[in-house]
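The block underneath contains the structure these notes are about, expressed in structure tokens.
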Amino acid sequence: MKSFLYPKINPPSFMWVQPENGVMSKVHEWIQPITAITDPEEAKNAEVVILGVPLSRSSISASGASEFPEAFRRSWRSFATYNLDDDIDLSEMSVLDTGDVPMHVTDIRKCHENIVEASAAIHGDFRNSKVCAIGGDHSITAMMVKGMHKANPSERIGILQFDTHFDLRDMSDNGPSNGTPMRNLIESGVVEGRNMYNIGLHGFFNTKDLKQYADEKGVNYFTLRQARKKGIEETVLQCLDELSSKVDTIYLTVDMDVLDIAYAPGVPASTPGGMTTAELLEGVLEVAKHPKVKAMDIVCLDPLKDTNAQATVKLGTHVFLTFLTGVMLRQRASN
Amino acid sequence: MKSFLYPKINPPSFMWVQPENGVMSKVHEWIQPITAITDPEEAKNAEVVILGVPLSRSSISASGASEFPEAFRRSWRSFATYNLDDDIDLSEMSVLDTGDVPMHVTDIRKCHENIVEASAAIHGDFRNSKVCAIGGDHSITAMMVKGMHKANPSERIGILQFDTHFDLRDMSDNGPSNGTPMRNLIESGVVEGRNMYNIGLHGFFNTKDLKQYADEKGVNYFTLRQARKKGIEETVLQCLDELSSKVDTIYLTVDMDVLDIAYAPGVPASTPGGMTTAELLEGVLEVAKHPKVKAMDIVCLDPLKDTNAQATVKLGTHVFLTFLTGVMLRQRASN
Amino acid sequence: MKSFLYPKINPPSFMWVQPENGVMSKVHEWIQPITAITDPEEAKNAEVVILGVPLSRSSISASGASEFPEAFRRSWRSFATYNLDDDIDLSEMSVLDTGDVPMHVTDIRKCHENIVEASAAIHGDFRNSKVCAIGGDHSITAMMVKGMHKANPSERIGILQFDTHFDLRDMSDNGPSNGTPMRNLIESGVVEGRNMYNIGLHGFFNTKDLKQYADEKGVNYFTLRQARKKGIEETVLQCLDELSSKVDTIYLTVDMDVLDIAYAPGVPASTPGGMTTAELLEGVLEVAKHPKVKAMDIVCLDPLKDTNAQATVKLGTHVFLTFLTGVMLRQRASN
Amino acid sequence: MKSFLYPKINPPSFMWVQPENGVMSKVHEWIQPITAITDPEEAKNAEVVILGVPLSRSSISASGASEFPEAFRRSWRSFATYNLDDDIDLSEMSVLDTGDVPMHVTDIRKCHENIVEASAAIHGDFRNSKVCAIGGDHSITAMMVKGMHKANPSERIGILQFDTHFDLRDMSDNGPSNGTPMRNLIESGVVEGRNMYNIGLHGFFNTKDLKQYADEKGVNYFTLRQARKKGIEETVLQCLDELSSKVDTIYLTVDMDVLDIAYAPGVPASTPGGMTTAELLEGVLEVAKHPKVKAMDIVCLDPLKDTNAQATVKLGTHVFLTFLTGVMLRQRASN
Amino acid sequence: MKSFLYPKINPPSFMWVQPENGVMSKVHEWIQPITAITDPEEAKNAEVVILGVPLSRSSISASGASEFPEAFRRSWRSFATYNLDDDIDLSEMSVLDTGDVPMHVTDIRKCHENIVEASAAIHGDFRNSKVCAIGGDHSITAMMVKGMHKANPSERIGILQFDTHFDLRDMSDNGPSNGTPMRNLIESGVVEGRNMYNIGLHGFFNTKDLKQYADEKGVNYFTLRQARKKGIEETVLQCLDELSSKVDTIYLTVDMDVLDIAYAPGVPASTPGGMTTAELLEGVLEVAKHPKVKAMDIVCLDPLKDTNAQATVKLGTHVFLTFLTGVMLRQRASN
Amino acid sequence: MKSFLYPKINPPSFMWVQPENGVMSKVHEWIQPITAITDPEEAKNAEVVILGVPLSRSSISASGASEFPEAFRRSWRSFATYNLDDDIDLSEMSVLDTGDVPMHVTDIRKCHENIVEASAAIHGDFRNSKVCAIGGDHSITAMMVKGMHKANPSERIGILQFDTHFDLRDMSDNGPSNGTPMRNLIESGVVEGRNMYNIGLHGFFNTKDLKQYADEKGVNYFTLRQARKKGIEETVLQCLDELSSKVDTIYLTVDMDVLDIAYAPGVPASTPGGMTTAELLEGVLEVAKHPKVKAMDIVCLDPLKDTNAQATVKLGTHVFLTFLTGVMLRQRASN
């Protein structure tokens, strides 16, 4: 069974059987896989589009982040569509799950090409939707953004990044791995360094040459210490203000390793001294409210290393739902 | 061996052998099981009474919370009676462990009846004591409060609840499960909705209809976000102020799932974005100081899912000892 | 969405999306949920019928065996339909997954009634099929057999049991728990003690009174030591020979706790000194080949306690596929 | 509370509360701690005496084997007194739990002296009982045997050892650690090398010089490969035959590291290629039947490294109960 | 620091500091990394050569098998050089650790080329040595054998494989992944199907088309059931006999997934019903004694999924040392 | 291989192989073991000296803290030398790893003497360096400080302690265990009680008599609640101000059990309600900046109980690097 819309995207591997009474209150009852859609036009109206990007063989360290898209979908059963904090019901939005980019086992370049193509196809079709990529490792960000650029070449793209690392490693060392996405985008001319904003850097997890490269290219960053002193919300707002004066579209990338290792047992690259869950959720909510934010991704979450209770998978899903909340609050405010 | 006082309550399954020199400095050397008491009258003077309520087959999801009362007692060896923060020694209080409510393997209704009866018996005997129920899942709260009501039908009861959920599910769906205790109390007329205060709701863990039911019944609640903004202590004080103007007795129920999943690996229903340990302990201490608070419970902690170091079991015991601290601080202040 | 055939059975909670090319080589591509069937008559031709029985709140100890039916279905992706040992392809058989018996959260009696009804309905419809119940705890066996009896009251039923325990506890103590199924069947007159054969008893895991009860009722048993001395295959054949001379239909029940604890980390009641995996698979294969064996179950496997690699869930599925292999070998031999 | 009999032995830290009806069918209802005994003479009639020896700071590698005596006692609740394999009820024997040898935190020599003294006291009092020491690490064996020798200096002692290692390391290197007990006994003249029999050596876990020392001293050993070829039971019988012609008393020491690492996750020194559970239980049963076997120990089991299900702790307890079974079978055969 | 001999092979990442007294009794004191060698000629005399092959991004499922070479070296401290079973000391052999094949993060083809080159270089230099490759996933086997062929093109190569799978998947699907090494070798003409012998196939872990391909190409195989019936040793001897009549050189590949999942928690692809440790070690020892066996590998062991005690890593090292034992026994027998 | 400088200190057990190009950016490429140094005079210029103190058999509870020095060195590969928060590169400092104090398996007194001697030797040689001891349990602190005192008898020493406990237990109970270091120093006259400052006490983890002893001896302490109210940084500054007016040298001891149990799974004595990672790092940084701080230790971290991702080991290393950062910031400020 292939999706009618995207023959080059694999549909999700399974479908939740829907409740007979038609009442939906849990996320898995609400978000529809593309294989459940019968009317292409209806599909095109989705306000949010999900794309799974199950690639982690491009990671420097052995990673099972490729398993997150499936774990993400399975975790939906643990979440209501109703957001109590803001008294809104996400199920009033239409969200479409297009499935996963197909991957090749031994040809990573091919995997990356597939991601660019899938991203371009979806950004081409869904010009008014938010596109959420569920990684996968951080190498996918460069590919998702390139696809976005391919679909809308005239739009200047800016990036807001929550991350413990710059991800500016030299691609000539080991190709487009998970340590390189930001450099990849700079060197390919898709995003200028000065249009990148990183929040969350800290500790002993970046080499000096990366910082120097960042400075040369004008990459903007707030260390976690600086962001805490200023306030996470205020820091995010400043980044968005600056960005929106310079670009047409903003892409949010959430590298889950920005979290403290106590909060993210399922993120092997998370470190001591990182963000708390509350700080990350506060930041993501604020970003999502900005009208220029058109796409986002969640990367580097490895369910194979998670706790039995799947604490980190649930947190990844919470980040996604928080993003949707911000989007909906904006819409409501706009109306 | 049965207790002389409560033939229908099983004594704790084991007794700590006491130190020869009679010096007690650890909690397990201090709290006496009812089987170690020879004088019923002496027992009746206990300032605090413990009742284990090892029921979790009434949980919606598979739960081992029934194992908490035993794990709770075993953990006592890790705690001193001396509280350094407040420079008081809890061993100056008398605490009686009456044992566990007997449970039936396949008749949950019978289990619930046993809890009501045990609660009524203890509340009837110990009119000036604090009664602490150690769950078990949250279904026991409705039963403990009904027993309290049965013992003192003329007293109006209010509830302060730390919880991620409303626990207002419809009993007609699946009976008095762990999702229903508050609704159970409202529908049975034992506690009015307007006399319930919930602190800690957040995220995507309650469906919209439950919120609507809460509003209809006048249930009061502070989301975790609101409570943090106002301050946990201040929020608790406001709840207590309002409650004490309306009721005679206050019951505190601590659903451990109010905690962030990073702090409570042994609480399967805990979620990302919940309370920190410091916040919960701050709240419980403040509640315990209020003179109208007569009873409390700790529920939904599943030792079978805890870490090897029993991090969550220890946290549950810490909540209990913090409650006792508040009680003792009040007494000292009153004298 | 409800199944057209069995409105009182919940369909499986999810469906695997099938491969576009229609080639099926993995178990999840082969076994169809009832919701994927459009022709009731076609469904009725299934050679094997699966019924999930997600009940474990009737367990004496806290258990998550209720999660096994879902874990069982998820594990299908790890198994080919082709059996190399015997050079047969299971996909030549038709297997129908009818879904799960609906359970009530707080009324265990109702759960048990639902199982009896579902079993009777299926045994009534599928008179030439093998019926495989996926537990759940061992209390379900009594209910499945009662349903079988209800559907075919004139048939004498015998039981072959792989188990570390007699499961002959007195129901007057705690109702029809997981310790009672065999006694339940004897006392209700559905199966005579002399038509029960237990293989695998060993060690210190049965009290003396149970052994005495077994002897009084003529229950047959081989301890694991005896079975090893004689040979597992030979022991099974002797049981089947004796049984087939006395009954019309044989029910196989596999309590996974018959396995040594080293082989079954996900079975909390497994013990040191139990069966090896190889021994159990050898036994099950032999049973399945017997033409009078009409139904089987797999019980007491708790996925929540399994290893990360789901070693025990996979073993449970292997037991099921081994049973199907025996059935198919018999058919082939008969033709 | 100290025991009236052995003021220098700490009573068990806790007591199980006994069933009111006096019916005992589980091990914890049967084995009495010394603190529950009121008549010293009655205590003296115990057929089996248990002594906990919670010392593991003498281990070469960091070990929590000191926690086994308590874990052993807690595990009793999982075992019936009735042995189905042999149709005997252990509760017909009288077993006395004298508690634990007191240990010093920083003076290991003192710990060892305490063990010698406790062993001598108990062997002096209980001349017709079997003495079971529950370790602790293997250094305790030398001390238990020395105490035995002190109580009965004229008796020649032989040792049967199940072990992956010789435990013949040179004490001048690091004192009487867990690698030295057999050499300690040879060098102190308490047991002759030729009266030691080791079953289970295998693989790459002993250095050559230890083998040479063993040969010089005439220590007897069967590698696991040799024992398997000959049969475990036959090997044990040959050892016992030879030993009983040379000594008055036989001491059995079970180093749990003789087990394959797959069977003993809670024994850090267990290795690939070791014994299966079935083999060890078969061996222990045979040893226990021999009338000259007067004492035994179980060592090097670290509950802190065990699985959540406490697979290895349960196995250790099973070894103990199997030993008792052998003793009882002998008695029955003698009568 | 690069090795003087193999500039294209990375030296091991660390060196054990050697004991001052020069006495070596543990494996880590004996096996020298190439960086510790000062005389190239001396290096060339090594009887055994180790090559780490840390590649697992070519695995179909997410794998950390790339971490095994380092874990393997770290585990050496747990093993003596003395083999008690056979009374030989491995340290009389000279073993050289040449380090690890360098890998590229995103170019798997390049990784594979590097392996072929490294293998060719080493086989070219060490014509009388045994070459042991430490994987990595099973894709490396095709590359190691190709390198061997490149170094000695005139020699016919045969393969003895312990495996649960055929590893004959079609490379046109996903390139030279870990599912394809045997087909890769057949299709590239390096090894004929009839010169491949697989021992250990079982269960539901191979699709039918693979079996058909195997039969077409004349691949020989014994299922585990067949091998057990015949005896592991006898099966191995028969394979070796047949092979040695057809080829000049035999390559042994040990896919650790041949083991039962209870014995190999650190091998994600291991399955219920596989080999026991004792069976595998018996088989490997027998293979190693054959004079035509010139090279071997150990693959698919993922230390990131191993138990805390590193049970599977230790087992992998035990397989290696057992191989060396066979080699040494042969040499001794030849002299 | 022994170090030329300290024949009584064991060199680290392994050496990292250095990168060929000589560029060092990771901690393991920077910090040199003493065995890699050829010029003793060069060694003497080290600004920071590391001494491993692998002793934990002196712990009251079974502990594997002896494994931390090795785990600490292995973790270096996960850390860059560049500190982004403060834009400094630690590799501009010279750091020397002298190895580990040799320990005796069964003579704890000898272990302690070895520590005192090693500390005295190093403090004697490195008068201008910071000395960092990597424990081990907290008993080592008394020995390190005694060695420091022995090397410089005329200097008054003060102690700043991050700890959940007083560590003032009576040595007459169980010798110099991990519960006694502060009392040991007071009673031996090496440090006066009034020159000790403890930050982090909280909860129910100290008995009343210890508090009384602390008060008698004038030990200063801020509970965690007090420190939080005042601010961690401010609290530390006040302690340092007071201390520097009274002593010549300040010793920092970080007992990792000061952390909340959610942040320190690898510290068995950590408790609910402790410090967050952010708080501890803030405190350590501030201490390190003070010129009188000459030595520090990190104790009670047990890698055997850590998570698979080694969250706590990494945190311990982060504490060490944060200390170095403070030292370097001070130097830079001074220049």
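Note that the chains are named A, B, C, D, E and F in the order they appear, and that numbering of residues resets to 1 at the start of each chain.
Going forward, a contact is a pair of C-beta atoms (placed from the backbone, for glycine too) under 8 Å apart; a residue touches a chain by one contact, two chains touch by 3 or more.
What you see is a predicted model, and the numbers here were worked out from it, not measured in a lab.
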Number of hops, subunit C to subunit F, where each hop joins two touching chains: 2
Joint neighbours of subunit F and subunit D, given as chain labels: B, E
Chain separated most widely from subunit E, comparing mean CA positions: B
Reference interface A-C: repeating pair among D-F, B-D or B-F with over half of contacts shared: B-D
Higher-contact pair (C-beta pairs counted), B-D versus C-D: C-D
Angle (degrees, nearest 5) of the CA superposition of subunit B onto subunit F: 120
Distance from subunit B to subunit A - Cα centre to Cα centre, in angstrom: 40
Subunit D residues counted as touching two or more neighbouring chains: 262, 304-305, 308
Graph class of chain-chain contacts, one of line, ring, star, complete, other: other
Chains that touch, pairwise: A-B, A-C, A-E, A-F, B-C, B-D, B-F, C-D, C-E, D-E, D-F, E-F
Interface residues, subunit C side, partner subunit A - complex: 1-2, 11-20, 33, 35, 304, 308
Subunit D to subunit E touching residues, read off their complex: 201-209, 211, 223-225, 260-262, 265, 268, 270-273, 305
In the complex with subunit E, residue positions of subunit A that touch it: 56-60, 62-67, 104-109, 139, 173-177, 302, 304-305
For the subunit F and subunit A complex, residues of the former touching the latter: 25-27, 79-85, 87, 89-90, 262-263, 277-278, 281, 307-309, 311, 314-315, 318, 321
